[in-house]
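We call the chains A, B, C and D, going by the order they appear; numbering starts again at 1 in every chain.
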Amino acid sequence: MGFFLETLIGGLMTGMLYSLVALGFVLIFKASGVFNFAQGAMVLFAALAMARFSEWGHELLKIDSKVLANLLAFVGAMLLMIAVAWLIEKLVLGRLVNQEGITLLMATLGITYFMDGFGQTLFGSDIYKIDIGLPKDPMFLLESVFQGGVLVNKEDLYAAAIAAALVIVLTLFFQYTGTGRALRAVADDHQAAQSIGIPLNRIWVIVWSVAGFTALVAGIIWGSKLGVQFSLSLVALKALPVVILGGLTSVPGAIIGGLIIGVGEKLSEVYIGSQIGGGIEIWFGYVLVLFVLLVRPQGLFGEKIIDRV
Amino acid sequence: MLYRENGQFKTTYTTDQQVFPILQDRVGIGLLLAFAVVGVPLLVQDDYLFRAILIPFLILSLAALGLNILVGYCGQISLGTGAFMAVGAYGAYNLFVRIEGVPLIVALLAGGFFAMIAGVLFGIPSLRIKGLYLAVATLAAQFFWDWAFLRIKWFTNNSSSGSVSVSDLAFFGLPIETPVQKYLFCLGVLIVFGIGAKNLVRSHIGREWMAIRDMDVAASVIGIRPVYAKLTAFAVSSFIVGVAGAMWGFVHLGSWEPAAFSIDRSFQLLFMIIIGGLGSIMGSFFGAFFIVALPIFLNQFLPWAGSLVGMTISTAAVAHAEFMIFGALIVFFLIVEPHGLARLWSIGKEKMRLWPFPH
Amino acid sequence: MQTTFPRLMLEHAAKRPGAAALREKVFGIWQTTTWAGLAAEVRAIACGLAAAGLKRDDHVVVVGENRPRLYASMLAVQALGAVPVPLYQDAVATEYVFPMHNAEVHMAIVEDQEQVDKMLEVRGLLADKGEPSARLDRIWYDDARGLRNYGEPGLASLDALIEAGRAWDAAHPGAYDREVAAARPGDVAAMFFTSGTTGNPKGVVHTHATLLDRAGAGARFDRLTEHEEVLAYLPPAWIGQNIFSYAQWLACGYVVNCPESASTVMIDLKEIGPTYYFAPPRVFEGLLTSVTIRMEDAGRVKKWLYDRFMGVARRVGPTIMDGKAVGLGDKVAYALGNLFVYGPLRNTLGLNRVRVAYTAGEAIGPDLFTFYRSIGINLKQLYGSTETAVFVCLQPDHEVKADTVGVPIEGVEIRVADNGEILVKSAGLLKEYYKNPAATAEVLTADGWYHTGDAGFLDAQGHLKIIDRAKDVGRLMGGPHDGAMFAPKYVENKLKFFPFIKEAVAFGDRREKVCAFVNIDFEAVGNWAERRNLPYAGYTDLAGKPEVLELVKDCVEKVNADLAADAMLAGSQISRFLVLHKELDADDGELTRTRKVRRGYIGDKYQVLVDALYGGRSEQFIETAVKFEDGRTGKVAATLKIVDARVLPGLKRAA
Amino acid sequence: MNTVAEPITAPAAEAAAGARRRRQGDVILEVKNISLRFGGVKALTDISFNVREHEVRAIIGPNGAGKSSMLNCINGVYTPQEGSITFRGKSFSHMNSRQVAEMGVARTFQNLALFKGMSVLDNIMSGRNLKMRTNVFQQVVRNPWFGAAEKEEVEHREFVERIIDFLEIQAYRKTPVGRLPYGLQKRVDLGRALAMEPQVLLLDEPMAGMNVEEKQDMSRFILDVNDEYGTTIVLIEHDMGVVMDISDRVVVLDYGKKIGDGTPAEVRANPEVISAYLGTSH
């Protein structure tokens, strides 16, 4: 039982992180109809920037305070992501307006490759670590309830907390700020939004920046967990089924989807994987989604599609 | 410019709807094939050229061809091509090692057959799922098979880490060992499949695929069954892809492991058909050649260019540059010529026919 | 050639039964009719007509585009010793009434619903005349589209006719063959109505002998073989088309190809790539205009190449075409040009395989003419008319000039009368004008000379040069050039040689100076305007634009300069002109069906404008009724500016 | 000489009309109490009408009156919640497009639904798919010398060429449909439907967005189809003008309800119809 809880909680933790990445997807898709395959690349890129900036902060600028260095690095990375967002809008999306979704998907694939290459040229391709001082030591909960209690990794706890906080912040941002409302307007109907004078291009830059921000945060958390390396960009692949499961356009969908898959993954790995050779979490999410889609082609929270002729 | 079409009038539908209705084209393609079959083996002495460029080009052309039928003609986006190649490769492998004296060609076709079954299975969702959702759904295949060949020992004849190997290949008694032999074998297979594919896309099954791609509601109203159209597309596509996968393993690599068919392979093939041209047989070849040749070109060119400006460029740097250039090219093509090299080719051809007129 | 058309057809069928006689692009491919197939079809149709009661020397009207079965029908009619009368398919019903009444036509074979509707209308109009001699009892149509529910008496499809024919043939074995054998070369073979510039059209009667004599002569002159390919796309009622795709077709046994539809002629031309080609200048003009226009939008490289090599072509092309030697450098340059420009150009125009191409009907502009020769198309001019079964003078290969129409060919004698009129004698002259002895006497002298009505002369090399219609050659009266010769056609042609000018009408006979109406070429000028982004709202508006008037003025003054150089014609310089507000149109009777301007008619119709021109007014309001394609009528009104053009002193006076 | 066909010549029109009246058969298509809802939205409410063999039947009504939805129900794109459709005595309420197509019901679309990646020829050829029998294997080895595939292609090409000729689009045979002007695309759309040799032809606003000349052509084609092949025609239009001239009977819809049914004359006289049309601006 305790073991079960552990896996469950572990699942929730990773799930929360998936949701974080998935959130990036959803924001961009809502606002610009782009299925942003590059989200993973952005995570890696942001993390690399973060890691290297803080390093350089130490070495070049001789900043001793880790906090300060990280802070500067964070700001730097954030600025970089905004620049990236701006460039993407200018060079790619701006020129692919009202193309089909598939075309845009391909474009973001291109962006992925570019950013992977570019990021590693810029920041090098070794493994770097991000240390924002998250406690590494484990802690035991509910020891009173079962013997041995439930082992939880503090780091995960913090991470999940940050993620949750971020999700809440974004939700508020969308609900209560002018930009947020504009974004939702754009999401609902591009033409209409434009006609009432919402500048699409600016909106897109903002959205991509926000996505960049989530990518950065995700990058930092994962980075500090597993170290910053190329494989980090694969986290996007983990988040894909989450997005689809949630239904592409729904923020809550992304979060719940994340949790479901996070948990499902862990549990299945433990209880099924062990039987059939293990390592099944790479595909569990996808296969799960596959079956969900067969029942609900538009995902759990997506809008229904009606064919008009 | 070289076209002289006066007097090339058609008195039967058969001649009118042949693949190359214009005499000059028929001559051209004839010469090209002759060169590929006779010229190349005679002229090219350097094995490296065969191993590094020509053979991969031929096999990946085949794979791209298969993928193009699904994505380009039927409009069903797939990110799981690598997996179907893998199924082809391991399927063929199992037949080859488990049954004594199975001829190579049979093994390859069997590989295609297994891939076809896998393809149809994973194609079934396409009946309900559209566009982006489907794109992601196909990734399920990719990851599932990656995993399967890594973890399920039976597939790999209980070899560790899923790496397997085959040897002494032959085609009706003719050995397929030297690069030239391999090249000719691949060329032969490619030509056969190329013709077959062309025949399909210009016949009514092809029209049904394109109808579904262009306007699925209208298609069903004129009596086309989406189920049939999509599943045949998946079947044909993954059959070809499977054969290509088997050839990649058997002929090109000789010994391989699941990594050879990772998701990167899927993307690579996708890029081939985007750059080459969606919905064009010719395009598949263009794309394949481009993507096979580019890295090799860069590997030669970048260091050389670097040395000009007096800086040494590491292989890692070249690799990264490759990534960047690929990415940039994809975006470039999507923006400038969404129909890829094939469209440029056909435009050029039109211009030649209208020369000296612009339109 | 002592035979008849049906017999020739049968000979070909016997000699080369499997060879192609006719091709028509139907349903997307070129469907072939072999000589044997043709023979069978003709037999069936003939028998059908016989069954329907067609007698020797009866007339049968044939109306439609070039369609194999209409050709077969003409042969069938001739096989019975009756006379096919092809009429222009684009004429309106009322225009058919006179010919059909005049020729006492009882039967018509037409192409499709459009023609049937007209024939039914004609039937009504003829009935009104209430004469039994002209009752249109039987109408057959080739294409049944839309005719399913027509209940009119005597209306049936060709298929029905053929069916009836087969039955009749079975019932009367050998009858057909007897009829064919009975025909004599001297029998009437066909009748062509010349849309005379004034008065009623005249039925030109030709016998098998006359037509075949000329057809043969022409064929021998250019060594035509049975391997020629010809595209028949001009009205079969026009002797030009008829001689090339009927008389010579049967004389030589080559293949005649019929286009798929009016809208696809250019495509079909490109596919077939005829080896023997005939078209009036306006067609070549249209082609060249489209070439220049299309080249306008070409990229820099192409333009450069084009201009470069066209330069070469202009310099050496004609010389090479005339078979004279040129320097090695030029040879190479021309060869390159042939690869990069001329060849492709000929190919896209569909004239790449042309061995012999002729133009006739009107004078052709020197630039236009040399353009085609310079890019390696053996374009030549010929002189002839309906009455002479076309072939009178032809230009031999290698001796071609823009301003002459060639030498008298085999079997032709030519004499120039004192008034400068050309007289012709040959075995190909018309038998008579049908039921019009007066007119016949006018043109055909007792000793067998035919008065062409054209003014001209034979030059030093024995080439014939035509100036104008003899009757149109007038004299100026009063003014500086009193009594000087005025050849309106000559002037008009010089104007029409400019791409911007479609038609021109010059006045001046018995007046002190020359004035002219001008019709702009909508396509060319329209393009010109767009390139200057000069907005315009349709033809009338464009024609009224001051910029356009300027443009035309330049042309006119160029012509004047040209005329001034010629002592005889210096007086014919145009001193005032105006640009008409509507296109001159055959439907409004301003042009003949062969698109010759009817100067007299126009002069009367636009009297006000003529007066304005000579009355020295600076502008004039005019309103004209016009007919649209669908037969509706409307009005076009405009106030036309009248422009004064600079006139140079003639050389004679300068000297 | 121009590509645009002349307007319907008087004798032709009368003849055709006469013939139709003569041929008018019994009811071929019967729509009974059809109701269609999207979620809460009522697209159609209790619609009933019938179509007689060989007649030209029009469904008119202001924009958003539910005309297109009606067609979509008939050819199985939408499934109505209530009511049934009887075709040649066979009654059905749930039916997929394929089955409807097999029964011989063809259809054109309001906003062009052509296959823009294909040539005119291929678009119309695709209308023959129901009639094509060769399997994938026969098609793979398609060649001029042996096998069924090429033979079949040729047979159907012959049929399709007749349609191309009928619609006077010979000059555009091999052009990608996308490049054609709107009016011609409409013809191709009609051609594709005709390729199915339908017994009933549903036309969804065949003249929408056409100029007078194009409308005349289209009306002529529609009449010719009805006349040459005896095809029963159900057509939708939102502007009364043309329809009244060419149709035998008219159904009028407004806000998903049937407000009139009868000959053009009757319908014109119907006060409800008049108000519905005055109510909406055109």
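The rule is simple: contacts are C-beta pairs under 8 Å (C-beta built on N, C-alpha and C of every residue); 3 or more make two chains touch, one makes a residue touch a chain.
Fair warning: this is a prediction, and the values are worked out from it, not measured in the lab.
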{"item": "Chain C reached from chain A - shortest hop count over touching chains", "value": "2"}
{"item": "Chain nearest the overall Cα centroid", "value": "D"}
{"item": "Most distant chain from chain B by Cα centroid", "value": "C"}
{"item": "Top chain pair, ranked by how many C-beta pairs fall in contact", "value": "A-B"}
{"item": "Chain B and chain C, separation of their C-alpha mean positions in angstrom", "value": "58"}
{"item": "Centre distance in Å when chain A and chain D are each reduced to the mean of their C-alpha atoms", "value": "50"}
{"item": "Where chain B and chain D are represented by their mean Cα positions, the distance between them in whole Å", "value": "41"}
{"item": "Chain C and chain D: spacing of chain centres that average the CA atoms, whole Å", "value": "44"}
{"item": "Junction residues of chain B, two or more chains touched", "value": "12-13, 217-218, 221"}
{"item": "Chain A, residues touching no fewer than two other chains", "value": "307, 309"}
{"item": "Contacts with 2+ other chains: residues of chain D", "value": "77, 109, 113, 157-158"}
{"item": "Contact footprint of chain D on chain C as seen in their complex", "value": "26-28, 90, 113-114, 117, 120, 145-146, 148-151, 260-264, 267, 629-630"}
{"item": "Complex interface listing, chain C residues touching chain B", "value": "23, 25, 28-32, 229, 270-273, 291, 294-295, 297-299, 302, 305-306, 339-341, 343-348, 350-353"}
{"item": "Complex interface listing, chain B residues touching chain D", "value": "12-15, 17-18, 196, 199-200, 202-205, 207-208, 210-211, 213-215, 217-225, 232, 236, 279"}
{"item": "Sites on chain B touched by chain C in the complex", "value": "1, 3-13, 16, 353-359"}
{"item": "Contact footprint of chain B on chain D as seen in their complex", "value": "75-77, 96-98, 100-102, 106-107, 109, 113-118, 122, 125-130, 132, 134, 136, 139-144, 149-150, 152-154, 157-158, 192-193, 196"}
